[in-house]
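Before anything else, here is the set of structures, which you'll find just below.
You will see two complexes here that share chain A, one where it goes with chain B and one where it goes with chain C.
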Partner chain A sequence: MAQACPLRVINADMTYVGKRLVYALLVIFSVLTIVFFLVRLSGDPTSLFVPLSATQAEIEQLRKEIGLDQPVYIQYYRFLKRSVQGDFGLSLRYQQPALDLVIVRLPATLELALVALTFMFVIALPLGILSAVKRNSPVDLFSSGLALFGQSVPGFWLGLVLILIFSVKLPLFPSSGYKGFLSLILPGITLAAFSSSLVARMTRSSLLEVLSSNYITTARSKGLSEWTVILKHSLRNAAIPIVTIIGLQVGPMLSGAIITEQVFGFPGMGRLAVQAVLNRDYPVVQAFVVVAASLITLTNLTVDILYYFLDPRIRHE
Partner chain B sequence: MNDLLNNIIKNKKALIGITIMLLVILTALLAPLIAPHDPGDQDVTRRLRPPYFMRGSASYFLGTDALGRDILSRVIFGSRISLLVSLASVMGAGLIGSILGLLSGYYGGKVDSIIMRIVDIQMALPYLILAIVVMAVLKPGLQNVVIVLIVTGWVRYARVARAQTLVVKENEFVTAAVALGAKRSWIVFSEIMPNILIPLVIIASLEIGQMILGEATLSFLGLGVQPPVPTWGGMVADGRDYLSFAWWVPTLPGLAILITVLGINFFGDWVRDSFDPRLRNL
Partner chain C sequence: MKSPVYVRYSLIVLFIQLLFLGPGLLQLNCQAEKVITIAEGYAPYSLDPHVDTNQAARNISDSICEPLFWYDFSKKELVPNLGTSVKNLNDNTWEIRLRKDVSFTNGEPFDANAVKFSIERIKDPQLKSRLLATVRNIKEIKLIDPYTVHLITSSPTPTLPFYLTRVGMVPPKYVREKGFVEFGKKPIGTGPFESVRWVQDEYAEIKANKDYWKGKAKVDRVIFRSIPETITRMAALKTGEAHLVSNLVIEEIPSIKVNKDLDVVSIPSIRMLFIQFNMLQDSLLKDKRVRQAMNYAVDVDSIVKNVLQGYGVRLSGQLISKEYEGYNPNIKPYPYDPAKARSLIKEAGAENYQFTLNASTGRYLRDKEIAEVVVNQLNAAGIKTKLNIMEHGALTQQLMNKKFLDLLLSGLATPPPTADLFYGVGVRQGPFYSTYVNREFDQAFDEAVSTIEKEKRQKLLYRLGEICRDDPPAIFLHQQVTIYGFNKRLAGFIPSPDEKIDPYLLDLK
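And now, the complex of A and B:
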């Protein structure tokens, strides 16, 4: 069989990656557009950009300063231009650039998400694998029960119960704030709960599907050990849907981080966003939404590209 | 009907789920009759009283909160908001999502491209992030919570309705309707729609629990229905400062959320397994 020209393969790869990149930029552009027009749908947006105590003269001056007296298309153009430069205006509460406030808190949120992802890998993947391998056993029942619990429990309540047990009754972990690695454990478990239940269920169902295929029967009939069949032959093929579902968890995790940070008084960008809404600090809300959407879009882009290289069928489509 | 009843009785999950759901619905409907106290009745002289099972008084069965309000009565009245918001948002999101998905799948072309791009963009904005930006513009309140949950919930219905429409529209009965000169609106709403309803009903049954969690989360963050209206999420938020010495104040309303959502999820799983086992991974 003739081999495909390597240059053509690289070209095809680049076209795919390029297309996904353009698409990701389009999504971020659309989010910026939504953020811009949503404010204007509710009427005059000036009130969202001035402190509640501002006088009429101050409001008028600010209208001119941020260009709210200009036609909408000019405002839109200026907004896009400023956004590309990372300028979302000054926070009304802190009087600092809104984007800087979000970016400063981003590493703490990412660290929390990383701990949650680690919990997810350590708990959900083995549980899903064991459930599939030992189908209808007590392990499977326990795993299904845990998955259902994870999907039904309110994250904020789980966080409070963990604080009650592991900080108040047994003083093992700090109950709030960010004081080193130990402060990440309880928020990490809280954040991992919902996603872990999904990943465990997905791992179980995709592994079960693979385990019933003919090539697995062949592998077994060759006399391979059961763990070789599972780890080497089955898990590799079950990996695609698992990678997808893990990639898709970044969005829910960022959502979850907003709640978890609020419960544990964790100094991340989610907590900042909730405080910004309650303080009517719209520039910070804008910066947060754009940063969060960009983060999710970039992760989706990475998953798409990973998917492309992991699964040869996509390359041949 | 008898088959359905037998099916429910044989399936433990379904039985538990339906019992919990019926209890919650009855509680919400009969709240003024069964609540032992007025949910807004404050009296600081009886603040933070423990529940009956911790040697508290039987007349304040689940104890009292920091303002001396009866927790049981507030949990009973809180079920009204949870049910009202979740049902309204499931119906709103289901209706909008199904119609858009149906039109997207039937007409294809530009209509499909536009609707599916909106779906893609929305998927880059998880519900809480979208809720934050909407609530920053609108003011928190009952109506706006429903709007947020509809805006964030319609996508799932749209994707399934579109996928189902693409399959159903290729059937011969649709071709026959076209050949008979039926109007497009007739084909879409009378020929295709009844044939894509089951998967949409399954999603709706699975989504009610998620909408209850969504409402509770918004109320917990202070972005939902505002005090003094009792909401389960709001009660957890109000009680969190007393966690270390009056743990029942924030945890019991949270337990109400957990049990209700668990029951609805049991019911949803049963609906899915009974009507379409292929959708198990949805």
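And now, the complex of A and C:
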């Protein structure tokens, strides 16, 4: 079989990656536009940043300083121009650069997401594998029940119940705050619940599909042990959709963090976002949405690119 | 040589215990030092007393940057603090004498210059201080000697000394060096506590100022934690992570009362709840008989008893409570009289008119439930009313623009609690929230706010209450109650109507 010219392959690779990059930039641009107009639909924030007894002149002065006295298209042009330079303006509440406020809180949120991801790997993956291997057994039923629970239970409720059980009744973990590893456990479980259920179910169905393939029958007929067949031959091929699902969980994790951080009084960027929305702190809302969208887009881009290199079928297409 | 099995097991058990008991051990360690933790729902955005004026933030900043005077709610008078006396030399001049033995914790002297700087700073547009209204009338500050200042106002301002209770004193040199954002992160003052660290959205830690001019506080450190979710806040109290939590909801009270280590205390706050009439629209609400009828139709006592389970105090036919300067003790509330309401509505020809009550949910204690009961009671008295529940931000917007339809469930607190400020924002027709139209009220108000002479001013303020009783700007509902949960080891906590928590008074048993 003739081999493809390496240069042509590199060109094809670059075209694929380049296309994905352009799509990613388009997504971020669209998000910038949508968030700009959405926050303005929620009304004029000036009233929230002046004292009750502010005079009309003082209110107008603040509107001028924020730039709300300008026509929307001028506001939009300025917003786009500054955004590309990473300048989302000063927070109306904190009087500090909005992007800095979000970035400072990002590590706490990422740490929480990392703990949640760890729970996902440690609990959801083995549970999914066991469910597939012991299909229709009590283990499978238990796993399905747990997955159903995880997907249907609201995050804020689960968080509060975990606090009442594991902080109040059994004083094992702090009920709130950000005081070291232990304070990450309960919010981590809360955040992981939804995504873990999805990953467990996906692992189960993906693995079941692979386990019924002909090459697995061949592997078994060669006399390989069942666990070698599962871990070495099946899981590898079943992993592709699982990796995709895990990649897609960055979005739900970030949106879940908004609720989880609020319930646990966790000082991450989700909580900042809630406060910013409640206070109509436009610059912070905009910076948060753009950072969150960039994170999601970046993850999806990475998954897309990894997919390209991992799965030869995509390269072929 | 391998260690015996029981040694290895013991080590593992010890490790697990350390892992789980870590926070507990830390707490025990802290307690040798007398540390109090207070959990509030609000997260301050600055510790600068001139920037974040929410009381939860002020509880921290006031402990660091004290004002010249405090306000005593029981006596309705000023209590000297950094200022030893205040008197008006003429209608537009106030003389303030200062303590001579005080300095800021960074060594800067506290003197007339610091007072001038602290007040003038509020007027700096860059600071965007929410205290601007309190010092707006001060046109000049004269330094008479290092410990005497004269505040010259542009017009007679009888409430100026009350306003000064909101103005924390800050050190000029340090503020200039640091800039206002940095000062807001680590403020310095003359107060009983010094700032240790502040982690935004999480906690602020302050430590006792050993050289405080009134003597060192009884506790060494106070940690103000910010926990927005009420149930989580309550959990922190139950687990011992907090000694005092504020703004509990009624549903949580029984679960705290059953715990022998905990207790609940409540106090009527300076937040008044009422249903505001929009008289700026062309509607039947311009007829005072309709507004009186609505007051006769609503059984406020029943709302307080059944909806608020007693956690509310009925307003007595005026918009302000007894904590406010200018409260008229002679005014009686509207009795619950649906028959009279029905006849007044008939007299006014409003039987077929459909009113709308706009309210938000979750902003005030059981606000939606209160609005539902009010609508039922109005309808039962023949006043056709429908309920419109809105998001609070949108509702505030309508209030600011004075564009809401008919009725709006509103809550207003104006610290310091003076009738001037309350009526000025909520009732006097002008640029603020008022949708009330009554020229007599406006004239009486204008006269009251510029009258320095105490007795005459009081009569005028009483008159304002009487006008509102007869020609109501709102359905008078109740005074909101603030509920605190606390650990019984905590001593010295005295709840205040303005939600002030004074760490200087606190101790641990």
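Remarks
Rule of thumb we're sticking to: the second predicted complex is superposed on the first by the 281 of 317 C-alpha atoms of A that agree within 3 Å, B and C clash if a C-alpha of one lies under 4 Å from a C-alpha of the other, contacts with A are read in each partner's own complex, and residues count from 1 in each chain.
Convention: a residue touches a chain if its C-beta (ideal position, glycine included) is under 8 Å from a C-beta of that chain, and two chains touch if they have at least 3 such contacts.
This is a predicted model, so every value here is computed, not measured.
Using the contact criterion defined above for the overlaid structures, shared-chain residue A:105 touches chain C, although it does not reach chain B. Contacts of A:176 after superposition: chain C is touched, whereas chain B is not reached. When both complexes are overlaid on chain A, the residue A:267 reaches chain C alone and has no touch with chain B.
Contact with both chain B and chain C is seen for A:278 once the two complexes are overlaid on the shared chain.
Of the two partner chains placed by the overlay, only chain C lies in contact with A:56; chain B stays clear of it. Contacts of A:216 after superposition: neither chain B nor chain C is touched.
When both complexes are overlaid on chain A, the residue A:163 reaches chain B and chain C alike. Of the two partner chains placed by the overlay, only chain B lies in contact with A:152; chain C stays clear of it. Of the residues of chain A, those at positions 42, 48, 160, 163-164, 168, 262-263, 274, 278, 280 touch chain B in one of the two structures and chain C in the other. Put simply, chain B touches chain A in their complex at residues 117, 120-121, 123-129, 132-138, 209, 213, 216-217, 220-223, 233, 236-237, 240, 243-244, 247, 250-251, 254-255, 257-258, 261-262, 265-266, 269, 280-281.
Contact residues on chain C toward chain A in their complex (touch as defined above): 19-20, 22-24, 43, 45-46, 51, 53, 125, 128, 130-133, 180-181, 199-203, 225-229, 231-233, 235-236, 238-239, 241, 393-394, 396-397, 400, 412, 414, 421, 424-425, 431-433. Against chain B, the residues of chain A that register as touching in their complex are 27-28, 30-31, 34-35, 38-39, 41-42, 48, 148-149, 151-157, 160-161, 163-164, 168, 201-202, 205, 251-252, 254-255, 258-259, 262-263, 273-274, 276-278, 280, 282, 285-286, 288-289, 292-293, 296-297, 300.
Interface residues of chain A facing chain C in the complex, by the touch rule stated above, are 42-44, 47-56, 58-59, 61-62, 93-96, 105, 160, 163-164, 167-168, 171-172, 174-180, 182, 262-265, 267, 271-272, 274-275, 278, 280.
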